[in-house]
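Labels run A, B, C, D and E following the written order; every chain starts at residue 1.
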Amino acid sequence: DGEIYFPLQSYRVGPYAAGGTGFFGGFIDYLNLINERDGGVNGVKFVWDECETEYKVERGVECYERTRSTHQPVGPAAYNPLSVGIAYALIDRATADKIPLITINHGRTDSTDGRVFPYVFPLQLNPWSEASATVNYIGQQLGGLDKLKGKKIAVLYHGSPYGKETIPIFELLAKKYEFEVTQIEVPHPGNEQQAQWLTIRRLKPEYVVLRGWGVMNPVALKTAVKTGFPVDHIIGNVWSNSEEDVIPAGDAAKGYVSVTTHPSGTDFPVVKEIVETVYGKGLGNLADKGRIGSVYHNLGIVNGILNVEAVRIAQAKFGNRPLTGEEVQWGFDHLVIDEKRVAELGAAGLLQTIKVTCADHEGGGAVKFQQWDGQKWNVVSDWVASDRALLRPLIEQSSEAYAKEKGITLRDCSADNPS
Amino acid sequence: MTGAPLLVVEDIEVVYQQAILALRGLSLHVDAGRAVTLLGANGAGKSTALKAVSNLLRAERGRVTRGRILFEGQDIGRLDTADLVEAGVIQVLEGRRCFPQLTVEENLISGAVSRRLRGRALRSALDRVYDLFPRLVPKRGLNAGYTSGGEQQMVAIGRALMARPRLIALDEPSMGLAPLVVEEIFAILHRLRDEEGISLLVAEQNAAVALAHADHAYIIENGRAVVDGPAAEIAARPDVRDLYFGLKTSEERTFHA
Amino acid sequence: MSDLLATAWALEQAGVTPAFAARDGKAAVTGNVALLHLADIDLAFGGVKALSGVGFEAAAGETLAIIGPNGAGKSSLLNVINGIYRPQGGRVLFEGRDLTAKGARAAAAAGIARTFQNIALFKGLSVVGNIVTGRSLAHRAGIVEQVLGLPRARREEGEAHAAALELLDFLGLGAYAERPVGALPYGLQKRVELARALAARPRLLLLDEPMAGMSAGEKQELSDAIRAAKARFGMTVLLIEHDIGVVMTLSDHIVVLDYGIKIADGTPDAVRNDPRVIEAYLGQGH
Amino acid sequence: MTDLTLTPPRAGVPAWVSYLPVPLLLVVAFGILPFVGDQYLFDAILVPFLALSLAGVGLNLLTGYAGQVSLGSAAFMAVGAFASYNFLLRLDGLPLVAGIALGGVTAAALGIVFGLPSLRLKGFYLAVSTLAAQFFVQWALTKFDWFSNGNTSGVITAPPLTVAGISFDSSVGRYLLSLGIVSLLTLAAWRLTRSEIGRSFIAVRDRDVAAATLGISVLRVKLLAFAVSSFVIGIAGALWAFAYLRTVEPAGFDLDRSFQILFIVIIGGLASIRGAFLGAGFIVIFPLILSRLGQFLFGDLFDSGVLENAQKIVLGGLIIAFLIAEPAGLSALLARITRRKSI
Amino acid sequence: MDFLLEVLVGGLLSGVMYSLVAIGFVLIYKTSGVLNFAQGAQLLFAALTFVSLVERGLPFVAALAVTLAAMVVIGLAIERLVLRPLVNQPPITLFMATLGLSYVIEGAAQLLWGAQVHGLDLGIDDSPIEAAGIFISQFDLFAAAVAGVMVAALVIFFRKTRTGLAFRAVADDQVAALSVGIRLPRVWAAVWIAAGVVALVAGLLWGARLGVQFSLSLVVLKALPVLVLGGFDSIAGAIVGGLLIGAAEKLAEVYLGPYVGGGIEGWFAYVAALAFLLIRPSGLFGQKLVERV
């Protein structure tokens, strides 16, 4: 008896509603699939309720406070806000309340360091890994990392902490591979980029890395075309990679390449099962079925898989019953999904293998690249890994500074995860 | 008394902001072709009475809560100001209220908006006003905000005339004007009554001038008409002279009508 | 009179208002030193010449009336005197000091106060609040003192209130002390404005049509009040008024403006009979 | 003389009676709530309510009393928060309260800078020009990561909330700390409005020319208003950052927040200290009620997006309705209601 | 040099897009003294309605007609339900009411049409044409032409027609306008409808540029400095202000930006407008208030 509870701080209204409906739709669809198909995980069903945040921090906080002590005795299993701002505001709270905070593909890079942030999980990909993988991909395109030398790369980033987060990493990579990087800011919201693209045109870089957000993305593509920059040499990051980012740009987006942690489309067994089982029973969450298999929807499904697997792993230790947040944290801390498990989950090609440890809360760090053909995204690369060894010391430097500022003593991970 | 009653105000009560009782059972009437003046101390309710007549109270969160107002025998309580202007009642507001950013001529034309005049008809309507107020001719292209007080008063009256009213309600037309101009303006009002048969309802503090140019007068106090009668008679009453001509200061401020 | 002076107004000695040349009314009235001296004032707005070469003197203690048709430049002249407008030419000397274009605050600090043609009360304050504001210049306490209610702030506040209550009584406004000014009848508002100006203890009081829109009785009352205030506080009054009756009874000296030019300057009788004044302003009726 | 009101003034009731509710509220807030409230009440409702009320009080000093409309309040909140953070971080051993106060002082200094245009501009021209502060501050805080101690995410986190050796780092603690600061500053603001300076604010607002002729330096008063208001708003920002969110990014102080504060002031009532609290109550609590009610009544029928949009419509409609019913704000509405009752 | 020219031209053309939004503000401000913050929401509503109708299979013209009708209804409703009850209230109250209004309109737009983003193709080619060595967007040229026509029409309307005169009278003094028989409700309704139409035009052009999505409502932030510079009540000012702001902001971003780390466009326009205002407090073309004491 009892259930596992996910309070969802969703956003289906406001500027980012398109992403929110897709992501939370996918998440809910996957939880429904597990409930309907398997009767829950090891016999324990999932429940959730949605609390609208409009992507606003204080509303996210209110939602957190509203739900944090409900569904006792175990309480919420984890929070998945998909909002950088809300995630920041929840770090202290979730840590104090011992509830995992999942920031898949986003959040602060240094929260990868599980010694300082035991309850925060930027699963799959942190911003620095993304930058590193992108450079690796550009190297591949040029015919080897050594070919980067002397080339020009422009980074067009959103004028927010999120956008700025990778500035030092690109500088570092430029130094390492001896390419020239120019980082150009687009002020929020980014609906005007004439000046930036003219600067780019004068610069004539080989590639432009687009670290956009919301309306900034289609405008970047349109302005690129207007100023004569080839769109297939623009590489979007993980928040510039959805259908919502390219559809408004219309034809201008044809040929645009972007990072993704998972391909879009419905050609995966797990997505098919969702269509059959969940949508078949009329339980599907997306009002517009055309969006099934879209980037955000699939991200929601991936997020669902990761959450459910963490619960499953934790149950193996604590027993097949509803779990407390602290117990689920253990599951995330030991979240390992190998090729075999990926296949079992029906997510081959959709989900990368992941190995989270006490110290490393990212666990993945690889991306694929996809290209928009005007109708859909086509994957154009295999998994491209990031240079995690290069990044790790920097991450630790940053997280240790945070620990010092906050007076946090580092968690000892040597015992837990013998490597 | 000659002429049929053009405007009849019957026992009206006016409340501002659901709290301030400004008129408490005021009755008066204006006969066609007559000039009627309302006298009274500050705050007696003169302006309120005029605004009630031309239905301008709503803009100040005021309401007629009792009684009725008839124009040519018709209850006009439910008409709005624009309907009233079309029916022939127009008000010249206290403090002139020209449109400061419009030129003198545009101000005048704005008075004819309800009549949809154009071309020659508009021209002749303007000429009629310029005839009455030749002083405005050289200023026609100037922003009204920059003209003198007397000129603004003329613009305001001229603007009202452009609507071809049958009753003009004027709120303190003499306020702040030089004696010569006051004379000039009242002379013109006189002319309008005599030559064009326009009825006038004039609220004034300047009792001497107002009574000299009116046919009939009401004295308003505390939101009621306490005295009324032919202007000449009123002007002759000693208590009125005491209070409104300022020959003596008096402590005793009430009438026994 | 002098006992009252000794009570409420003596408190002011503790403040910083500059000493008067003549503190009691009598001496001031008899004095005939030029308190205010205007020389060749020119003022134009864009193309419009509002004042051309206007100059005159006001003796200490006198009541000077400025009359003239609408738009003659009377209000503009007042605005020049107390520093609201900056004249293009000419000089404003007050007690020998040059105030030309020094701004309104300097004029106020020098001892000039005024009322406005269109009532300019502070609608958000009560009657006392308005009057107390008239004494702003006397306040020295800083923000911290005022917020914490330290002794100096308390004392200044007390003095200001006492002075305001005095004036309320004096002008017969006692019953309205706590009323918001916006709801008062026009005549009373004008009186509150006068009280506010008096609260500054000016040596020169400028009144711009203080009686416009009043009934004859009210005009009479206000004339009495002005006279009494003058006697009591011993200041010079410069007044703009269209009611020629009031002007004749109240003023010692009249200046007439027409189209920005001074056309007459003299005693009431002389001005009244000046044919140019009759033609430009008074008309035959007077 | 003739302005007889239908509702006569409450003759014979001494003025202090109308202040009676204040001590009563304080007794409840300090003496009772800390013992009966739960964490949700403190962390999700009361603390943000207090911080926003204080911001409302601050803006009301500027907009309500001194008549200068500002759309840049959130920027001053941000400055208060980031400056306090840096003072506490960089000055070893600086007491928390001093750090917060210095944050307020920094905000005040910036307020003066961005208040300078008010000497020339009025109305919406001024309002729009304050947006320069809004966008500039947000840009600068994001751009230069010195402000966030080199944090690549540009976020700052709350310092330990310890005053005189007592830790306020619990829910109740944060609430009490906020309540204490807000009460003190509100009292100060209230006293200010009743002082000579407060009157000069009103004088400048109502008739700046007349104020100048009384010797009030319009320039000084306006800048003082900007300074005082920004000081209070800056401290509200520090509370918002430290006692409420605890980890914030500059984007948390965006234009929406500025509007929110202006809303609080106008819905609550201009030139009314009490109004700021009523307005904040409305803005903070009302959407919560709406959202919970919506969830409760229709949660099963519609998805949360539909509900949210419907709530948005209701909220917008209610704001308009309130403005129509009582343009002078909730404070005036309350006054009218209590006056009715007292007859 | 070429590059400078290119930045300049690009800036001017972007500026025209700002003007399109600014005009809507001016219309309302001129006649009711209100800064209508709901302009952005109206723009969003218009574009979203239009694109949703087209996506549901309505032909272009029919969709345009239906959207136009919707804007008319909204204009009438605003006049009746918001403005009329708030007659004679201080501008700030009305400003807040328009903020409330923007909630209602945004909520309604999303409730009706959902939160999805849409592409909008007006059939105008956006590929650049090269003239004298610089790239010029055809779309921007088209937008500039539309803005030009709109401004010319409105200026003529205000200056030369009787209704235009009535509008200006209302702008000057509402009570006086009432007293001479101008029907305030009618004027307001007409103005709000006109502003709705302007919002539709701006919404379609901006929508074609950004895609139709919630962020469309944020373009008002680009229009505000234009208003300040040009004067809140000047239609000609809206266009000149737009050009100036567009050019200044682009030049600043390109030539000044690198020295301070870039991304200064967000505030530069405001600071530039502000600096200008200190010289001319009522904008380039704004009417100087006749203030007398």
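Here is the rule we go by: a contact is a pair of C-beta atoms (placed from the backbone, for glycine too) under 8 Å apart; a residue touches a chain by one contact, two chains touch by 3 or more.
Quick caveat, the model's predicted, so the values are computed rather than measured.
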Next on the checklist: What are the mutual neighbours of chain C and chain E in this structure?
Outcome noted: B, D
Checklist outcome for this item: The pair out of B-E and D-E sharing more C-beta contacts is D-E
Checklist entry - Of the other chains, whose C-alpha centre is the longest way from the centre of chain C? => result A
Item to check | Most distant chain from chain D, judged by the mean position of its C-alpha atoms | outcome: B
Next on the checklist: Using mean CA coordinates as chain centres, what's the gap between chain A and chain C in Å?
Outcome noted: 73
Checklist outcome for this item: Cα centre of chain A to Cα centre of chain D, whole Å, reads 36
Checklist outcome for this item: For the pair chain B and chain D, the C-alpha centroid-to-centroid distance in angstrom is 48
Next on the checklist: Could you work out how far the Cα centre of chain C sits from that of chain D, in whole Å?
Outcome noted: 41
Next on the checklist: Which positions in chain E are in touch with at least two other chains?
Outcome noted: 107, 110, 114-115, 261, 263-264, 266-267, 292-293
Checklist outcome for this item: In chain B, the residues touching two or more other chains are 20, 41-43, 146
Checklist outcome for this item: Two or more other chains are touched by the chain C residues 84, 116-118, 120, 183, 185, 188
Next on the checklist: Going by the contact rule set out above, which residues of chain C touch chain D in the complex?
Outcome noted: 82, 84, 103-105, 107-109, 112-114, 116, 120-125, 129, 132-134, 136-137, 139, 141, 143, 146-149, 153, 156-157, 160, 183-185, 188, 196, 200
Checklist entry - Inside the complex, what are the residues of chain B that reach chain E? => result 54, 56, 58-61, 80-82, 84-86, 90-93, 97-102, 106-107, 109-111, 113-114, 116, 118, 143, 145-146, 159-160, 163
Checklist outcome for this item: Residue set of chain B touching chain C in the complex reads 20, 39-43, 95, 146-151, 172, 175-181, 183, 205, 207-208, 242-250
Checklist entry - So in the complex, which bits of chain D are touching chain C? => result 1-3, 188, 191-192, 195-197, 199-200, 202-203, 205-207, 209-217, 224, 228, 271
Item to check | chain A - residues contacting chain E, complex | outcome: 12-18, 20-21, 159, 184-189, 191-192, 194-196, 198-199, 201-202, 214-215, 218-219, 222, 225-228, 244, 247-252, 287-288, 291
